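Note that chain A is present in both complexes that follow, paired respectively with chain B and with chain C.
Let's turn to the complex of A and B:
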């Protein structure tokens, strides 16, 4: 039997974890990812909003529908020559009065490589199971809820929104490409089809999943030895308490509770 | 790629010059705007007397070699009244001008019996003007062909074979406004002019000519007069 036992019920745990989640600073990441056949370089930021806590004995905290708010900036390059047919403006001949026929040589257009920057913000609702982690690190006991496994993120609506954002970013850039006019719709459709929902999900998954899969929610942080009572006089020294062990669990004897057990000297 | 300015030729431009008198005319190809600083004219147009009135066109292709544009062929033999056209169809080349030792012969400043053609790649209204301040101006309306089917595209491509002519005599253009579709070519035929440019107004206002609008370009022009 531990010398100190602290327990909170599901309502208390919900409040505790809401506060803890709210204190997690925004997470950032950058790198390269596959966007269908293209390579996108991205920077992403994510923050979290609380969900509903369900305590499951012996050691699982399930948080349902907590919110992953994310914003994403990425750009990718497209070699238009892979999507558009070879195109040449034919020789043009003009009859100039009193001079004669004058011709200009054929012009073959080299389709350029364009860069498409995209910005989008959205959110995902995630349900994930967290385990309890107790560590003594750097002279402090730390208890945290650490996500277990890799939660499955559902990108259904988000993927469609991102594809729309790519389309919106792409169109003005294509419009500025000389001679693309009649091929604009062809190019835009071909590029979006090449990316597809699969390409968008393929970018979002590896980019956003690490924000959740590495998530750790701090619950308790206490120096192993700390002053409990200050110096009271020349013959009354300060009183220090040392936490010899800390344990964390979920119990469900009468109701589901998050329990901390501490032995001290 | 789509700069519309006879002072700065690019892959969608063609410059033409007729040679009405016998003689040897030397020239060079220089980065746009630097022609007046040029003192070497290594390429040659040799003009001998033609016996009939028929005009023949000779095309000189410009290619990038060792960082510079070089004409192929570097030397052309023609008859009086013939037209020589210069065009570089390589993308990514620095804007250039064709600069003759004799000032009537310059893509940067068009005098008599010369021409400038530009294929327009982007829809919009292009107000053009003479950057040298003669008052010459006009407009080219470039419209999207709105192709929705393969047949539309085929029809558009056939239309590209047809150019639009604008005649420039003195400081007057005829017609002053034309409407074309994306990809079509406008040929500005200068029969007689005091030395003008065909410049997108935005370019003309942003980049005035080296010698200012009202001045003549130095001794090369004076020699021609």
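Let's turn to the complex of A and C:
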């Protein structure tokens, strides 16, 4: 039997984890992705809002419907060469009397890559199972709820909204290209339509899933050399005890409880 | 039965845990076990607490005295360590056992004075290496048993041990035993009143707890209940 046992019931655990989730600072990430012929660089930010806690013995904390608030700033690069064939003015040579053979250089039109900024933000409701992690790191005992596996994120209408946003940002820019603008706009939108919701989901998933799959919610963090009493005066120094071991589990008797057990010397 | 019962948070510490805390407290602050007048304790330090000598007419500077206690250990209800028949451990009680040494000075060597027992004329005699100002004590040791209960304290929120009764075994005559028990009861109460165990420590800093029930003593454990 551990020397110190501390338990919290499911309602208390809900309060505790709500507070802990609220204290997780916003997470940021950046990278590159591809959406069909479009190349996307992005920066992403995410924060969390609490859900409902279900304690499941012997070691699972299920948090239902916690919220992942996210925002993405994309810069989509569209290489017009994807839509337009290479266009070259061939070399022409003529013989000029007294001068000789004179040739013009071959001139090729290098179609530019157009960058289109697109921003979108939304939230996802996620249900995930967390395991209990106990570590002694840097002289401190830490207990955290660490997400198990990679939760499936359901993007739904967000994917369609991103397609619309890309189309809305892209179309006026392409229409402004002289002579061939309408063709480009129609072609780009046709490609977006072909990419569809599945393609956008495939783009968003790798960008946002790491925020959830790496989620760790702190539950306990105390130095191994624990101050039992602070300094009480010039002749009463602080009193320290050593936390020799820390254990964490979920028990289920008449009630589900999160239990921490600590051995001290 | 769940640990939290009808409350949100439960905290429990075993008697071994409390003894570890008491051991840590008295190891860091031994002056709470050692008391004496200037003849025994020249000044208050982390190791000992200086008290006044007992004033008495005709005794210049008063009568020097000292009290030393061994670190107390507790046994929480139900009784595990046997108690003298005069004491019994009730519900929500704990026993405290310790030893006490009581000393009085029959003569005091003041600073700079030569020790009359060790004249320089006899250099082959073993020397008394006690520092100047230390009184020579006439002492005796007693084994102490007590029963106590726990009481809540505030600022910080915590728990303190309150001694209810003391028993000294095998002291004759019984009137002397009664006087010594009265004296030791007051000393032990005062010593343990200084040991305030914060709730934060009793739960090793886990969660937070606003006490709504307890402290209780049950199954060799101190238990507190509350809300976040």
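We adopt the following convention: the second predicted complex is superposed on the first by the 217 of 265 C-alpha atoms of A that agree within 3 Å, B and C clash if a C-alpha of one lies under 4 Å from a C-alpha of the other, contacts with A are read in each partner's own complex, and residues count from 1 in each chain.
We take it that a contact is a pair of C-beta atoms (placed from the backbone, for glycine too) under 8 Å apart; a residue touches a chain by one contact, two chains touch by 3 or more.
In this text, all values refer to a predicted model and were calculated from it rather than measured experimentally.
Trainee: Given the touch rule stated above, what does A:22 touch, chain B (first), chain C (second), both, or neither?
Mentor: Touch partners of A:22: none, neither chain B nor chain C.
Trainee: Quick one: is A:4 in contact with chain B, with chain C, with both, or with neither? Answer first, second, both or neither.
Mentor: Only chain C; A:4 stays clear of chain B.
Trainee: Would you check which partner chain A:117 touches, where first means chain B only, second means chain C only, and both and neither mean what they say?
Mentor: Neither chain B nor chain C is touched by A:117.
Trainee: Output check: A:90 vs chain B and chain C. Expected answer is one of first, second, both, neither. What do you get?
Mentor: It touches chain B, and chain C stays clear.
Trainee: May I ask you to decide whether A:228 touches chain B, chain C, both, or neither, giving the answer as first, second, both or neither?
Mentor: In the superposition, A:228 touches chain C alone.
Trainee: Just checking: does A:257 make contact with chain B only, chain C only, both, or neither of them? Give me first, second, both or neither.
Mentor: After superposing on A, A:257 lies in contact with chain C but is clear of chain B.
Trainee: Tell me which partner A:178 touches in the superposition: chain B (first), chain C (second), both or neither.
Mentor: Only chain B; A:178 stays clear of chain C.
Trainee: Mind working out whether A:206 is in touch with chain B, chain C, both or neither, as first, second, both or neither?
Mentor: A:206: touches no partner chain.
Trainee: Enumerate the contact residues on chain B facing chain A in the complex.
Mentor: The contact residues of chain B facing chain A are 1-2, 11-12, 14, 16, 18, 54-55, 57, 59, 61, 83, 85, 87, 89, 91-92, 113, 115, 117, 119, 121-123, 144-145, 147-148, 152-153, 156-157, 160-163, 165, 167, 181-183, 185, 187, 189, 191.
Trainee: Going by the contact rule at the top, pick out the chain C residues touching chain A in the complex.
Mentor: Residues in contact with chain A: 1-4, 7-14, 16-17, 20-21, 24-25, 28-29, 31, 44-46, 49, 196-198, 201-207, 227-228.
Trainee: Where on chain A does chain B make contact in their complex?
Mentor: Residues 89-110, 112, 175-176, 178-183, 185 of chain A touch chain B in their complex.
Trainee: Which residues of chain A touch chain C in their complex?
Mentor: That would be residues 1-9, 11-12, 15-16, 220, 222, 226, 228-229, 232, 235-241, 243, 246, 251, 253-255, 257, 259-260, 262, 264-265 of chain A.
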